[in-house]
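Shared between the two complexes below is subunit A, which pairs with subunit B and subunit C, respectively.
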Partner chain A sequence: MKRGYLAEVMLVLGAVLTTAAFLMTFFWAPPSVYPDGRVDFAQKIFYFHVPVAEASFLVFFFTAFYGVRFLMTKRKEFDVKARIATEVTLFFVLLTMATGILWTRVEWNVWWQWEPRLTTYFIMTLLVIGYFVLRNSVEDEERRATYAAAFGILAFIDAPISFFITRVVQSTHPVVFKSGGLEPPMLVTFIVGQIGMLMLGYAFYQLRLKEEELKERLEALKIGLGG
Partner chain B sequence: MQDIYSQVIPQAPYVIWAYALIWVSLLGFVAMVFARLRRLDKQMQVLEEALKRREQQA
Partner chain C sequence: MGSLSWRQFKAILRKDIVMELRTREMLTSMGLYAILTMVVYQIALVEAGEGLDVRLVMPGLIWVAFIFMSMLGLNRSFVHEKDQGCLDALLLAPIDRPVIFLAKFAGNLLFLLVVEALTLPVFAFLFLQGRAGFGGPLWMVALVLVGASIGISGIGTLLATISVNTTGKDIMLAVLFVPLQYPLLRAAVGATFAAVIGGPDATASFWNWMGWIAGFDIIMVLAAFGLYEFVIEA
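And then the complex of A and B:
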């Protein structure tokens, strides 16, 4: 009851903030310009592409976190939490890839480039998909949960690598906060969108968790009726 | 002004696609989860009532 209520509050707040960020993006944040003075309209994608990507990293952390907790306790609830966190991660990862590809097409004139950030994020996408492939390939519940927990922990190592790689290795992918290069209205718009997206991520995770709990209770009731 | 439009319009479809994808996906995700939650709630009610009836009969 409490979980569902909090999730719905976060969902509404997240929806309000992301809608505000959307409006601020197009009606308040000044357009970015290229060095030659031309308007860089595609930069508007940044205001949602980055929050979605950051959300994917953060939610993926919970896959590893609950993976560790599962391996320590062998409690099923941690396996369920890790799986749901990975589901939400997959959702954000796919959105990041799709919006990133659209931005790349405009800015770099190609749909894809094997540069460090894109490559490491692509590896993360494959790892997240691989997590579900692994889960579906093991029938025994206990073994499935153990393998998935170990895989989730190892897969998460790629997230900080992908996040920090543009700061360490020469990359064509922009590093927005390296030199504090955002004007205040741009920064505020970005922060509003980021907080909103994280709230949505939290709400999605909690709502999915509520659904799983309902399913389990339903199964228990069915068994109770059948027995 | 015409100059600005000529710079913005070629990039506009990609920006529109990006935002459309994000909004449709977010709304789709929420709609799907709520639809499943509603269905599960209904099933739960039916089963709980069945269980109650059985307990009364026993």
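And then the complex of A and C:
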């Protein structure tokens, strides 16, 4: 199967699965209840928030991975791949932040709290934004690629350290898979959403890459035509 | 490291120290900056009045001063190299790239530690007099300073090499530096706090935070060390 074709299949499948997960969230998965018996409706955002957050970490891995590949080979394609992976990361990171903030408003009555995982995520957002600020302020193409690769690798190593260090102090953020787990319908809904989101991540990445390659071919053609 | 590399290391470090002793540019600018920060702290804390236990906020305050001060110094240390073409000369010379990193790292660490050692007593003099002093032994504070400064200078040396070649320079260093240093600063503030408060619980917490600092230093400085060769040749 050609890569471009696969990306489109993934896009459609991902869209179907995330939509299915969305419907399952509201019509199938039983509502979570507080210990005192009240229904915790805000918990529903979990089926979107967690898949997006995990997708962001996974895609961020490719920023570092292609950064290493670039430094080893100095081939431009790896720089483009690392950049696009970071773009997709930024997209997921912003979605995670947005959904997380909505949830904290409902559940904790504040828009923001310097709580460990929120803090970590804020740091990660700054790192991803820093990556693009850095790219935009270097003129030379190869130098830009090298700097971005180096920073991407450092940022990827740094993010988990931030994640663990903030957990030294007591966190109020729910830890889903430790506290007794989920009921089967909840788990299935979550997994469908997670797989769908990863497919979407893959599709976004590949389609953006394709766009970039087309752009380059167009530039080459323009030069070839003497314009 | 062979003896040749060791001589090269010493030569670069010596160059930085001699230049600093002649111009005194880094030490004065960093020291002045730290003092000015304390004036700002006085203003920041003035409304809190006498009832405020400065020891509770002190660890945070000194690391705010040190982190911004270190960025100032890191920037200086590479602006010189670049403006006077010294970095190009270093690259032309048959010196192993890791040696350049280690020498610049050692120089930055040295200057940072000197300024920290000078400003910390000033801070204590200005803010802690007449209040409860340090709860823990002073060597604890010294240990945090050394541990955290290693991480700051190690990553800082790499990032300053990057930022000096960008259009934003100083602001670029801050954008890259502060988020990357987040875990280190968190641990440094935690450890300093434990050292200042004192007591058996605090000692346990101190070593816990020191473990984080050591882990961060090892992982991140090694990463910076490994990446430096690519960055400096780009």
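In this text, the second predicted complex is superposed on the first by the 212 of 227 C-alpha atoms of A that agree within 3 Å, B and C clash if a C-alpha of one lies under 4 Å from a C-alpha of the other, contacts with A are read in each partner's own complex, and residues count from 1 in each chain.
By our rule, a residue touches a chain if its C-beta (ideal position, glycine included) is under 8 Å from a C-beta of that chain, and two chains touch if they have at least 3 such contacts.
Only a predicted model underlies this, so the values are computations on that prediction, with no experimental measurement involved.
Touch criterion met: A:Val39 reaches subunit B, while subunit C stays clear of it.
With both structures placed on the common chain, the touch criterion links A:Phe48 to subunit B but leaves subunit C unconnected.
By the touch criterion defined above, A:Phe61 reaches neither subunit B nor subunit C. Shared-chain residue A:Val138: touches subunit C; no touch with subunit B.
In the superposition on chain A, A:Leu225 makes contact with subunit B only, while subunit C stays out of contact range. In the superposed pair of complexes, A:Phe151 makes contact with subunit C only, with no contact to subunit B. Of all residues in subunit C, only 155, 158-159, 162, 165-168, 172, 175-176, 178-180, 182-183, 186-187, 190, 208, 212, 215-216, 219-220, 223-224, 227, 230-231, 234 touch subunit A in the complex they form.
Remark: subunit A residues 11, 18, 22, 38-42, 44-45, 48-49, 52, 91, 94-95, 98-99, 102-103, 105-106, 200, 204, 207-208, 210-211, 214-215, 217-218, 221-222, 224-225 touch subunit B in the complex.
The part of subunit B that touches subunit A in the complex is made up of residues 4, 7-8, 11-12, 14-15, 17-19, 21-22, 25-26, 29-30, 33-34, 36-37, 40-41, 43-44, 47-48, 50-51, 54.
Within the complex formed with subunit C, the residues of subunit A that make contact are 71, 123, 126-127, 129-130, 133-134, 137-140, 142-143, 146-147, 149-151, 153-155, 157-158, 161-162, 165-166, 168.
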